[in-house]
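You will see two complexes here that share subunit A, one where it goes with subunit B and one where it goes with subunit C.
Right, the complex of A and B next:
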């Protein structure tokens, strides 16, 4: 049976709240105050951006120094098609910049008219963002700036009014989700109010929902088998806490349901019966709502309860 | 007495731009069956299973547990997973076999880059404080490295184009490759890298079987013995590193014994043309070494599997008698941040 492959947009968004160590806190707070800090290693190098442990010796390093907001490009790459969330919306150069007074380079964007205007060794300076919060993006970008290199550095205690102690890093990735062959067939059948599992050619078990492989035998399942619609509650729990964005009154019952003909129980909500009367062995059937692509919940069929012996292997 | 461990079988999918019609386990399973068939082993015969993959690629949470369905992991098997290229899963399996806890290991890796914006997805592995908020994509970071190489006179754009052309020409003989033959070098993606300097984006999977000692000889006519394997990492901050060199690769190669005798073949995991320049230098490969006869990652780059594929391709050449001593390299992170080197050997033919 061939089915059109299903696809749907999938957005994964995750704001990570991250705490900062003492050096990162000083550096990012410094950017808010238009001050660029570096850290001295025990072998006398100045790292910008600063880290808390020396990359070579792993020593804990805490001696902060203030470096200049001007520097030299050590390498670059012209980005003619900026991508979402990158520092500039117009074409720009990615650059590594060694700030005056630093021994290492910082990655950022350089605002320049075109690739012909950029070269390794060119002089640049920080362009500060208008609104600064204590983040690497407080540097809006670099811009060309002719000046002599000034490698004077001054010790800095890293202390500012109201130190930034954490950042919230937003991330969003846009995917196109495709569930694959077996699940496409399952979901497509559900739209016709049929529940279709797949049988393992080796152990003959019927999996619902099918995932394309028998986890016991490690072989592809292919033979499609319609199961249910009736089934048996094998075990259940009573949900007492309302889930966010879920319009279901608590308490309610969430159950494992072994559909007739299936060798694996699936999950579903039980409705149409008071929560405290649901029991193992209860016979249920799916309830489809208008336009629903899957059963909204399962309700009792009114049949006598299934004997424990008939479903104990499915627990 | 250290145990001798060999790669005894290798299999891979055809690597393709998309594989919408297959879930990850559906893509992986035929490769698992193929690699097991080559040795006559069943899942239940395998002592240890280890895999490499990343849920971020396809945006599918816990996809590695679903992939295990394809192994047949019930009753429970001895199993592990790394959120890294499968080459590092192979490293873990190698150490497991060294301990004597197992005599055989199944190593697999898969990656589906097609469902997501892979250039952006890879930014999520960067320093979350100073770098990731700028979203520098994987091509941009490789381009910074390429420009540094050009500035220092290690290469130029025509030389990079020649690496691309040679790789895709060699891939003509590789039926699994995604880009084969004459491929236009294209426009700049991020200057100085053009489309042709970048790896194809695609989906694929690979699997390897390792075996120890006599077991390896039973399972394979000419095992590819792992004479040494090592991996090293550099500082995460790009501005701290010397981008035109790869000291971590050189150190891993030294620890793996790569410099003790010349190799005849090298499978290098260089997704960008410029990275082959860095690796050849770090590994001191002479012009007589056959580099990436498979076409390398420029011909097929299933992320999370492409490093394991390098080890598999090198081993397969030894299995076929086309190589006696091969180097396989895998990389991870931006601009060759972390590198693994394995040295594989076939036994002299008169000994067999």
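Right, the complex of A and C next:
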């Protein structure tokens, strides 16, 4: 029998926060005020965007200068199909722009009608975003602009009213996740309220849930073994604080349960007994609910407790 | 050909706190690195290579910190490596750096580990919503608490032992200016009255969430001869791994931990760790791990570790002080926590630990573990150069 291997999207996203430190704080606050700041290195170069520590000498650098909002494209690549959250929704050029007065180039987007309209050495200027918050997106993009290069820079103290000291870096990764053959078989058996593990052909241990390979022997597993439904609580804790995204009233018991026939405990919640009467060795069985992929919890079977010697290897 | 002796000649830490909003990550690591250079009286030009470690990527959302931090760590034109072994990373990072000197690839290496927990959420990073999987029903403490209960059952330890560890470590932290938690009004009664979060683990028996960095300068015999302050000498270092879950895993006393310690003791010529080692700085994120690791590392027989804690042996003025710095229970920038343990061991044998100095500490063990007891790293440092 072959079952189609399961697959589902997995979106990982989190609003990471970033403390900027003195140099990035001045740079991003400056963008909000339509001022582009660079930093002077001890060997006399101007870096835009600025960094806190000089790449060549490793010196701490804090001498800020204001550079022009105009510059020259040093190299570029055409982006035929912009993706979500990129600077422009229509096709554009990724460009490295050396702003007038700077010795290094800044990566950004260039709004141009097509790749034929872009060339290395072309002159461009900043197009400011209408609403600016103190972020690199305060530069909406660059646009073609004929002007003479002016490399004058002016010292700047980097101070503005209400400095931006931190940003939120919203990160998002889109995965397509598959649990693989062994877990797919395990999950489809659960739909019939059967718990099926796999036996290692080498050490003969039964793994639940199965992972398709034995982590000790490093060999593939295939032989399916139904375990349980009865099992033994091998160890546990009483959870007194509510976990995020879990709709379970505290206190409750979170336990390691060795199902009969399995060589590894799995984890589950114990119900149907006051939390303070759960004990190591308690005999339990799964309780299924309509539509649940996994047993909702495990409840006592009423059998005598298992002897410690029978489960001491399964904690 | 024998390997090159390795010496620690510079140590630097930030003052560990809940949130360092005044600095970027670059500024944070720079601060620790500068302090290590100042301790060694060296400059960036004296460093031949940089080895950096941090917590898992999702903990801070910085996927390649070695790119972003090369400037801050003076790594331009030099080899830069990143090490990645979950909570043990600070220890294994130091050992990778050690091996570069030991093998004579480089003479002087800067090694550093850090984390800004305030800019992320470690619990989120550990509980991604993987499709089809049953969610973990408990949180970090809930993952470890059943192992603690298993230890208590196996050893018959009285249930007060965990609170004794927390009370000791928090008092030790008061003597360490770099420690995060400085609970001046700490009492044993307060620890024992704190809420039970994941029974048997109380709130006061868990580690805080910290921002911090730790750096060390490692060098060869010639470099050590130029050191302005006493060096710490490497006598043994090892790493071991095992799966987080496998049939037969002993989560209370993992085989990989025992094997790692045995390898370190063999290298260092330690016949009886309880007798031959003067102090231990070990990774104890939940208080009960002190007696558990005392057994795992061979300082006590199985089931006997708690007796060392209960009888005061592991106190700062005891016969085998444990976690003189205040330990992970007082300071936990996860990515740096392993290196802080290694650095504290080195500070002790250099005689530079300040108010939490153990008199006459000549051989001290530094220990780190991480990833559901999956990775172990340890080093033993001494006040004298190794004899072999």
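One rule holds in what follows: the second predicted complex is superposed on the first by the 314 of 315 C-alpha atoms of A that agree within 3 Å, B and C clash if a C-alpha of one lies under 4 Å from a C-alpha of the other, contacts with A are read in each partner's own complex, and residues count from 1 in each chain.
The rule is short, and it goes like this: contacts are C-beta pairs under 8 Å (C-beta built on N, C-alpha and C of every residue); 3 or more make two chains touch, one makes a residue touch a chain.
The shown structure was predicted, so the numbers you read here are calculated from the model rather than taken from an experiment.
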| item | value |
| --- | --- |
| Which of subunit B and subunit C A:280 touches, first, second, both or neither | second |
| Which of subunit B and subunit C A:235 touches, first, second, both or neither | second |
| Touched partner set for A:105, first subunit B, second subunit C, both or neither | first |
| Contacts of A:85 with subunit B and subunit C, given as first, second, both or neither | first |
| Partner chain(s) touched by A:169 [first = subunit B, second = subunit C, both, neither] | both |
| First (subunit B), second (subunit C), both or neither touched by A:215 | both |
| Which superposed partner A:38 touches (first subunit B, second subunit C, both, neither) | neither |
| Which superposed partner A:243 touches (first subunit B, second subunit C, both, neither) | second |
| Contacts of A:197 with subunit B and subunit C, given as first, second, both or neither | neither |
| Contact residues of subunit A, present in both the subunit B and the subunit C interface | 10, 12, 16, 18, 20, 24, 51, 55-56, 169, 171, 177, 179, 183, 214-216 |
| Residue ranges of subunit C in contact with subunit A within the complex | 20-27, 30, 44, 58, 60-61, 70-74, 76, 116, 118-121, 123-124, 128-139, 141-142, 145-150, 153-154, 195-201, 243, 245-248, 250-252 |
| Complex contacts: residues of subunit B adjacent to subunit A | 20-26, 29, 32-33, 43, 56, 58-60, 66, 68-74, 115-117, 119-121, 124, 128-137, 140-141, 143-148, 151, 188, 190-193, 235, 237-240, 243 |
| Subunit C-touching residues of subunit A, taken from the complex the two chains share | 6, 8-10, 12, 14, 16-22, 24, 51-58, 60, 165-166, 169, 171, 177, 179, 183, 187, 203, 205-207, 214-216, 234-241, 243-246, 248, 251, 254-256, 263-264, 267-269, 280, 293-294, 308, 312-313, 315 |
| Contacting residues of subunit A [partner subunit B, same complex] | 5, 7, 10, 12, 16, 18, 20, 24, 28, 47-49, 51, 55-56, 74-80, 83-87, 94-96, 98, 104-109, 115, 120, 135-137, 167, 169, 171, 173-184, 211-220 |
